[in-house]
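Data block below; observations after.
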Amino acid sequence: MQKIGVFVCWCGSNIAATVDVQAVSDALAKEPGVVFSTNYQYMCSQAGQDMIQEKIREFGLTGVVVCSCSPRMHETTFRKTCEKAGLNPYMVEIANIREQCSWIHKDKETGTEKAIILGRAAIAKVQLNAPLTAGQSPVVKRALVIGGGIAGIQTALDIADAGFPVDIVETKPTIGGKMTQIDKTFPTLDCAACILTPKMVDAAQNENINILSYSEVEAVKGFVGNFSVTIRRKARFVDETKCTGCGLCTEKCPQKKVPNEFNLGLDNRRAIYIPFAQAVPKVATIDPNYCTMLKTGKCGVCSKVCTAGAIDYQQKDELIEREYGAIVAATGFNPISMDKFDEFAYSQSPDVVTSLEFERLMNAAGPTGGTLLRPSDGTHPHTLVFVQCVGSRCDGGEKGKPYCSKICCMYTAKHAMLTREKYPDTDVYVFYIDVRTPGKNFDEFYRRAVEEYGVHYIKGMVGKVVPENGKLKVQASDLLGGQQLHIDADMVVLAAAIEPDKSARPLATMLTASMDTNDFFTEAHPKLRPVESPTAGVFLSGACQGPKDIPETVAQAGAAASKVIGLLVKDHLTCNPCVASSNEMMCNGCSACEKVCPYGAITYIDKDFRGPNRTTLRRRVAQVNPAVCQGCGACTVACPSGAMDLKGFSNAQIMAEVDAICK
Amino acid sequence: MQERVKAKAIELLESGVCDRVLGWKAGEFFYDVTPAVFTSREEIEKEFVFGPFCGANMSKYLIAESRKEGKKVGAFLKPCDTYSFQQLQKEHRIWRENVYAVGVQCEGMCDIEALKAAGIKGILGAEGSGDTLTVHTLYGDKSVERKAVLAERCACCKSKKLLGCDEIVGEQGEELESARFEQVAKLEAMTPDERFAFWRGELSRCIRCNACRNVCPACSCEKCVFDNPNSGIENKAASNSFEENLFHIIRAFHVAGRCTDCGECSRVCPQHIPLHLLNRKFIKDINELYGEYQAGADMDTRPPLMNFQMDDPEPSVVHERGSDQ
Amino acid sequence: MKKCPISQLDALFAALAAQQKLYIPTGEAKTAAFKPWEEGMKLTDALNTVRSAKDLFFPQVENLVNFKVTGKEIEIIENRDPAEPFVVFGVRACDCRSFDILDKVFLCDPVDTYYQTRRENGVIMTMACTEPEETCFCTAFGIDPTDPAGDVSCWTDSENLYLRANTEKGEKLLSGLPMLSEGDAPAADKSVFERLPLKNLPLDKFGGEHMMELFNRPEWKGLAESCLGCGTCTFVCPTCQCYDIKEFNTGDEIKRFRCWDSCMYSDFTLMSAGQPRPTQLERFRQRFMHKLVYYPSTHDGEFGCVGCGRCLQKCPISMNIVKVAKTLGEEKE
Amino acid sequence: MQVKEEFKPTIVAFCCNWCSYAGADLSGTNRLQYPANVKIIRIPCSCRLNPMFILRAFQRGADGVILCGCHPGDCHYTTGNYYARRRMTLLFSMLDYLGIERERTRVEWVSAAEGAKFAATMNDFVETVTKLGENKRLEDLRCKSE
């Protein structure tokens, strides 16, 4: 029989306001096996933890039930508390009387009654708990960063600096990501390329960093410390080791009509290309969708001009498999498609552009050489209208996104300011719902745009944009002025919402990392573990976790790196001891468990058993590798004889909880 | 057929391939045939039978027999038995290398209860192969059509194919178009209240003798959960309607995807509970929801409950398929 | 002797049921059972019920006592079924004999009061057999199926049901029934019983005398080898009397009950040191040794079998006491 | 004498640790209400749910049982909920076949981000089961002593 101590937490008033904690601890004191029961204001505080330890020693407790917040919050805390007092940490059960009781029920009687039942269930379970000892598994001391934008680069650099090898997998021919396309950065207006490209070079030159550009993650197996990842290295038809990046081929290639994705299709590139001058690796790539040689077998110009002999039309996709201890997702974002926003005439007029396109039009390395010209006729625009929140903060979510894209207010202010600075003869209007500037020097920046640069900020939404005689007729409402506005604009710039990259969803499935409804990766805890995925060994860096600007991204990238380093410095990881185990006496050896095990943790041996009348019986029995088993329990249900059970969540324990709840 | 089977049994022993053969032994009457192990020509000549009452599925005995020392065990298997034989191999229960399997062509087995239901009492013996049977009784001879007295499972036989045998006596058969799901469909078409009443009527007769479980080739656990005091659901007798339901639901669930529909459960039930209708419900559902699957038909496909498709129907399909609304 | 026209049978049942609970054998032939009589219920065509009349006196599951747990206190609560008088009609001679066997077990010291209460409250009305099954062999145990015992014995012909009270209980039962008149049953035709194939079961060797020799007979291996270890024979048997005591925890109450057990089960009489009969051979042997040897050796040579033939009909692999008796009882020269 | 209280079904909700239990926590964090007669049991994955547990819950007095797990494709253990989906589909179909009200059992996929869905699901399920009334068809009278 266990000697159980029950500790009911008030959580200040979080629990105590809707649950009579005294009644709960009194009721639970009467349960069989309970030798001590109390309540306290903050059980997770030092004083609370000290009390638990004291009572473990005083009463010789063999089991502890804490009625408090979710076990997802403090189960580990209380396990450690008990361990320090000499109790096996797995002799602790948490009754969740906050998130699943006090917070959802307003009536104190109901809440108290439910809390008692939840406490009883935890007591019933702990009665059947057995001390568990965690095993260990080795850690592969290499990290994988998926995505080579500023987030991925920073994470990789920080991990590499700590001395661990790290691979960056980037789906594009070069690393750099969205930041390479940006002209200036708010609120300091320093040049994006000037601060990014040195980092790209650092990454390329760091001997701990291995850049796998033009590559994609194909499959992920394993678990924290021991991931095995299959990476597809897409054929670029250029031998990376030979190409010097001289760029001659990209000048001679006869196929000139390829939309240049780097400039968002605002100009063209060749079929063989280097995305931009500072690309890393600076290696040419042949676009198989346009290359005449690859499509028809006739041409071969690039091969002829390449003195390094790097062109290889026979190159095939290559699958490589590597082991990693940790994986960082840094898959970034994209502006949403403007297809559903016809009211802004995006598809009808080339002079309606997105903000990212506007970046390219303002960029010295862009299609216009940095001079702002209308895409339709190459003339200088005089009236510009910026529309904010295009697709952000949309209710219903059919057309756009329910969330705030966070960066648009600031970059729009930047665009407006830069336009006015370079071209003082322009009229710049910004239509906004709210201007959100919470950040260091952000509001000052916005005020400068209004006050110093004379940008017209108008609260209201643009209702319609109609191209007419080379002008864009903008109809809008001025909510503060209470009037309808009609502006004849030369250009309209749409601050398109951002969304996670499309590759994130399949990647999340491979990583078994969870995502929210908008396909942003979910963090393990929104406040306390913001750079970790709930899936152990998977970390989050940058905008794949939620919209953020460059400094935030870099900060998170560093944080993710530090978490990875914290993992990789360990030689061994403590395994989850709540794993499956098979009772050999009952095992049929039928392989049902093996078939449903996602980790291949189950093997079989033939073993001799003592049979009746001094005979020996040889039977095939299952064996679970506790280092590989992750404790999902699929096998326990597949097993018809019940030989397979799960430690910490045994059949008997779950049924005891059921009994206690239904009583 | 009996003579050919007997001759083969003797041949297996005398050629030294086997030191024992598993077959059917004659009883007091024509129908009370017992599975038995034969070790000599004399025994076989005197007592080995193969006829319309050799319904017992021999495959389950091979779990123990195939683990015994000595030469191979010769086993005579009807088409039904061969499905179970293969399924048990798939589950590593039978050591195939220790078995010499002889498939026996089957014309369908008769049901003694069907004879009795036809008003024939005091049965002493029966004769005849082909379509007509002559029955000797305490009250004189009677003649019946074989078809009329076939066991239910044989009247809607799914396959006469002999699988995975070393040798075949008689002719190899084919998979058949079977109406075996008709009864299930009828039940599905009822209202829930009618179904509840039907099954209460049936299952309330259960005496928990475990005959269905112990005869079932799929129920070959070293220790059944219902016999294991630590399983949480052990029970020796059905104390009430819940325990009757519990036993039969869990048993059917444990064999779901593994049950070959050999029909032994219903054959042996002393209370004539149509237990096969539970197993067939699972088979029918599996066929409809996840694609046709016949347990034991092959050696390599994954059983449906140890398999999945990304686009499997959601459990709410049970609500949507409802017939009563 | 009394008689009652067949046409008045329902009225007779109604009158009996008005005074106490009445059980009659009813239902389809293959699932016939003793059930509480209700208006319109018909007697079964089957010779006998699937489960024997034993069940009404020694039910498969029976409450013994409850333990109520309140906090850390335990209270003991009497929980036996209330004693109520009942009549069971249509018991065959074989089943009726089974009560002699059960009484010797349950009513000897210490008395099983649960069984005793039911025996005192139950009146057995037997029914003579006219059309036996080929599996019948009660005559081998000296039972006359045409003249069954019981509190009241009954016979039928095409017109009447004839009733004879054999005991005080029986007299009392028949005394208050208005549809009865005086009348004697015609003599029974016993010829069909002479033709029963199993009537000459070789039982001479059984009983206590040859216990060890029988126990050690090599034939047990062959007899037991295909036994499935199910409890069918045990549970349909009118004379099997073994039970297990189990407890059910409802969460705040422990219900102690007893339920039938079967010596064929692998966990029968399981002890901490293991199973005293480790393989099916020992378990199988136990059942038949008990019926044919152990029981008679302690009960004046009376066998623990009544020849009802249920196990012959119900055993999934058609192994039964007749095959055992013939294999072991026929002297091989 | 007290007036008989309105029927409040006992609901057992099995939630997988990674998605649905977190979803339930989130609905608490967001103070989204659902009836107190829903009690949650945490299991590592929806594939841990043995049909035995469901029947046990009904035996012990539950009026409805719901399983919540990660959305198909999002299982923390990759494939667990796919197996759970087949198992529950077949089990529920069997219960329905035995004439046991199909509305008493349900599976819902609730992610860690779907606190609102969790609360809405529970509210709906409680309403459905309340309409059905007490579980009579899978009850064990021994567990219903007053």
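To keep things simple, chains are lettered A, B, C and D as they appear, and every chain counts its residues starting from 1.
Methods note: a contact is a pair of C-beta atoms (placed from the backbone, for glycine too) under 8 Å apart; a residue touches a chain by one contact, two chains touch by 3 or more.
Since we're looking at a predicted model, the values are computed, not measured.
K.L.:
Touching chain B and chain C alike: which chains?
P.N.:
Joint contacts, listed by label: A, D.
K.L.:
Taking each chain's centre as the average of its Cα atoms, which is closest to the average over all protein Cα atoms shown?
P.N.:
The most central chain here turns out to be D.
K.L.:
Counting C-beta pairs in contact, does A-C beat A-B or the other way around?
P.N.:
Comparing A-C with A-B, the pair joined by more C-beta contacts is A-B.
K.L.:
Indicate the whole-number Å distance between the mean C-alpha point of chain A and the mean C-alpha point of chain C.
P.N.:
Taking the average C-alpha coordinate of chain A and of chain C, the gap between them is 72 Å.
K.L.:
Chain A to chain B: how many Å between their CA centres?
P.N.:
Once rounded, the distance between the two centres reads 54 Å.
K.L.:
Can you give the whole-Å distance between the Cα centres of chain B and chain D?
P.N.:
36
K.L.:
Between chain C and chain D, what distance separates the C-alpha centroids? Give it in angstrom.
P.N.:
So the centroids are 46 Å from each other.
K.L.:
Touching two or more other chains, which residues of chain D qualify?
P.N.:
Residue numbers touching two or more other chains: 51-52, 56, 60, 73, 79, 83, 87, 142-143.
K.L.:
So which stretches of chain C touch two or more other chains?
P.N.:
Correct list: 248, 251-252.
K.L.:
So which bits of chain B are touching at least two other chains?
P.N.:
225, 232, 239, 305-307
K.L.:
Using the definition of touching given at the top, classify the network of chains in this structure as line, ring, star, complete or other.
P.N.:
Shape = complete; every chain linked to every other.
K.L.:
Give the list of chain A residues in touch with chain D in this complex.
P.N.:
The touching residues are 70-72, 96, 98-101, 103-107, 110-111, 113-114, 117-118, 121, 508-509, 512, 514-517, 522, 534-535, 578, 596, 598-599, 630-634, 636-638, 646, 649, 651, 654-655, 657-659, 661-663.
K.L.:
For chain A, which residues are in contact with chain C within the complex?
P.N.:
30, 32, 612-613, 659-660, 662-663
K.L.:
Please output the residues of chain B touching chain A within their complex, sorted ascending.
P.N.:
On the chain B side, the touching residues are 67, 91-93, 220-225, 228, 230-232, 254-255, 302-303, 305-307.
K.L.:
Quick check on the complex: what are the chain C residues that touch chain D?
P.N.:
248, 250-253, 255
K.L.:
Using the touch definition from the top, list the residues of chain B that touch chain D in their complex.
P.N.:
184, 187-188, 192-200, 225, 232-233, 239-240, 242-243, 245-246, 249-250, 252-253, 256, 278, 281-282, 285-286, 289-290, 304-310, 312-319, 322
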